[in-house]
Amino acid sequence: MDMSAGVIGAQAADATMPPLKAEARELDFFYGELQALKSVSMPVAANRVTALIGPSGCGKSTFLRCFNRMHDLYDGSRYRGRIVFQPDGVNVLDRAVDPIEVRMRIGMVFQKPNPFPKSIFENVAYGLRVRGERSRRVVAEKVEQALRDASLWEEVSDRLDEMAFNLSGGQQQRLCIARALATEPELMLFDEPTSALDPIATANIEELIHRLKEKVTILIVTHNMQQAARVSDYTAFMYLGELVEFGDTNLIFTNPKSKRTEDYITGRYG
Amino acid sequence: MAYDAQAVRRLVARGKQWDKVFVIVGLLCMMVGILTLALLLVGLIQDGAGRLNWQFFSHFPSRRAAQAGILSAIVGSSLVMLVTALAAIPLGIAAGVYLEEYAGRNWVTEIIEVNVTNLAGVPSIVYGLLALSLFVYGLDFGQSILSAGLTLALLILPVIIVSTREAIRAIPGTIREGAYALGATRWQTVRDHVVPYSTGGILTGVIIGLARAIGETAPVITIGALTFIAFLPPAPVSGEFPFLSFEWMRSPFTVMPIQMFNWLSRPQAAFQENAAAAGVVLVVMTLLMNAAAIWLRVRYRKRIKW
Amino acid sequence: MSSSVSTVNTESTTSSGRFAQNAVRHWGERLIESVLFLAAFSAVAVTVAIVGILVYESQAFFQHVPLKDFLTDTQWTIMFSDKHFGVAPLLAGTLTTTGVALLLAVPIGTVTAIYLSEFASYRVREIVKPVLELLAGIPTVVFGYFALLMVTPALQWFMPDLPGFNMLGPGLVIGIMIIPYISSVAEDAMRAVPMHMREGSYAMGATRLQTALKVVMPAATSGVVAAYILGISRAVGETMVVAVAAGQQPNFTFDPRESGATITAFIVQVALGDLPHGSLEYQSIFAVGLVLVLLTLFFNVLGHVVRKRFREAY
């Protein structure tokens, strides 16, 4: 399998790589004239956690948001290359592909918790309503399941009708995770999910992510290297729009192949 | 050159004097507006309070000042406001939603935006001229409540569009992204999130627009509202199928400000009193509506803390 | 997922499969977008309609009345048997009342804006701004009452020769009416000037007034000019105050102590009477309406040009 140019250490990971959920192949991305991603190729292993790390501006969030076509919402964005989604084998960046359909199968959690100004129940239920789920029983069941999966059920089961704003920051973020989980996505994108949270809330969510990977594939952007080391199976280091190194998390952090990776990990810049 | 402390001190003192003078001048200027408001209200109430009784509200206008009332004017104003609201609110909100959520940055959008700004500055009487030619004669709606309602709807359309846009802009982008990330379409995001969360701001604009429309005289006169109406438009319900009648929309009518204008134009002091009384009613109505809008705006800003 | 090992050849090149567009949803969305677009486009339609109608009805008028007479005759006696069609008296009335209004409103509005933006405390602003908003919300016919029955008598106390119908009273009242418009837009413009510009001035020892006049106002010129243009448009288009208190006799004069009729008051006067569709009187109101719109357009364009020259980039 050709992991394409610019990715060091791919051979080592290749041998023991489990089945993939998605794969970026020579992905370029442009904001107008500015090229933000340069020929990025990276596998996303199914039912594993893959972390994207790198200094500010390296393009990790930009890369993440390509997966669910978020850039389509803004004028002037242009994709080139492919993100192949399995088991369909389809390039989700293709113009013939409906971004709505993509987002139905891929969920996202944002950096700052963004619950809707609605009740806790309605927040989690929204994704289901958008899919046309009308049965109140089914919705209630799925909402409960999602809240349990997000480790939030115990804390909110008696106040599902309260406004989501009343929850603490950590709880709100878990609510957003539950909201994304309710629609049973195949791939979950986390964009620096704990950068706005305190250490305890952060630990809760890291534990949650660890448990979730049994059900769903996870791609997480983090500016916190220790978090990447704690939480992920595979790590990708990005720098100025390029994928510099990708591999097993342990190997990346203990024996990085590229000097740039090593400099970043040891804190020489970032 | 030695540092001349004396001279500097004098300079600073003079500067401070001017500051103080300006503060006084500024306060006086602000008093102009406040004083006017106060004098106006006092004058109106003085002249008109005597006429404000139940009779005034339940009688039709009459050649005898003492017996004249504003019944037809109040009913006329209410019906015209109804048509105005029904026409302007959906149109204005839809336009505002389009401009904020759907429109791309191209020349068509720019033309629309320039026009919205322009229309806000067009003298109200020009809307009357438009209505006269287009609604009254062109579309043959006649000199009716329907024509007046549509005219005023066009007049306040820019107000509603602008306040809708501002209310929508206050919604953070991350809320939209949250909805889209769940697979919502643009319309679903607008219907389930954008519009519901901006309702407060929109409502504020609607109230301000309607408050403006109630007081508008010139365009309504121009389309031919009559100044002496001693009857009410036909009721909206009728005894036979289909039980709902729209006859009232085509009926001759008058509105409150025109009634006041009519009385004001008569030299007799008794009619001046009537005019003052009508003025009190008008001012109270618009003050209440504007105050409600201001209160709503303040409360709305506090409620949803983004 | 055992069969989903990713190799190059499992990439589908034909249909998008489960990711294909949902036709019903797609066309539903397009339909909604079209409806909303039409709503937004109505703004353009209204403008086109206004221009179209004014031109259409005016050209009928100008088939009866030569343009030269319209522009040069100093009498407007369309309601009488000896008909003159000079628009000059009406224009003079409009310009005179607007001039008086601006003489009052520009200084007071500007000073108010400077005071609210640079001097006033939060509490003062919270009181004064709503009051000005309420002032702006009062129906103009009520201001007409104010002009006729309160301002003119007061003026007559100083100037005993002042006729009951004059252009001074209404002019002053229109001025008071547009103070909120000028002050609020100008104040917004001044408040938008970044603090660091003021700080630079204060750091040099300038007083508040000096900073306001020498730093803030020049920086906010664009917005302040916009405020003045707004005020002018409002004053030019004002109808009821002049209809009630200025008299209805067109009078070619710029002396506000005389009575006069503005373009807007004339339109109202004609509309109050019998208006047979297609008569010369009917057409005349569109002709003068066109003049009114051109006048407003002129000031808007002037304002735009001035603003462009003074546009400050922070």
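Read from first to last, the chains carry the letters A, B and C; within each, the first residue is number 1.
In this text, a residue touches a chain if its C-beta (ideal position, glycine included) is under 8 Å from a C-beta of that chain, and two chains touch if they have at least 3 such contacts.
Keep in mind that this is a model prediction, so the values were computed, not measured.
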item: Path length in the contact graph (subunit A to subunit B, fewest steps); value: 1
item: Pair of chains with maximal C-beta contact number; value: B-C
item: Centroid-based (C-alpha) most distant chain relative to subunit B; value: A
item: Separation of subunit A from subunit B, taking each centre as the mean of its C-alpha atoms, in whole Å; value: 49
item: Centre-to-centre distance between subunit C and subunit A (centres being mean Cα positions), rounded to whole Å; value: 52
item: Subunit B and subunit C: spacing of chain centres that average the CA atoms, whole Å; value: 15
item: Junction residues of subunit C - those touching two or more other chains; value: 25
item: Residues of subunit A touching at least two other chains; value: 100-101
item: Overlap residues in subunit B, where contacts from two or more other chains coincide; value: 185
item: Subunit C - residues contacting subunit A, complex; value: 1-8, 10-12, 16-22, 25-26
item: Interface residues, subunit B side, partner subunit A - complex; value: 104-105, 172, 174-185, 188, 192-193, 197, 304-305
item: Touching residues (chain side subunit C, partner subunit B) in the complex; value: 25, 28-29, 32-33, 35-37, 39-44, 46-47, 49-50, 53-54, 56-57, 107-108, 111-112, 114-116, 119-120, 128, 130-135, 137-146, 148-150, 176, 179-180, 205-210, 230, 233, 236-240, 243-244, 264, 267-268, 271-272, 275, 277, 285-286, 289, 292-293, 296, 300
item: Interface residues, subunit A side, partner subunit B - complex; value: 68, 70, 73, 75, 100-101, 103-104, 107-108, 110, 112, 114-117, 126-127, 129-131, 165, 176, 179-180, 183
item: In the complex, subunit A residues that touch subunit C; value: 1-2, 19-21, 23, 43, 46-47, 82, 84-92, 94, 96-98, 100-102
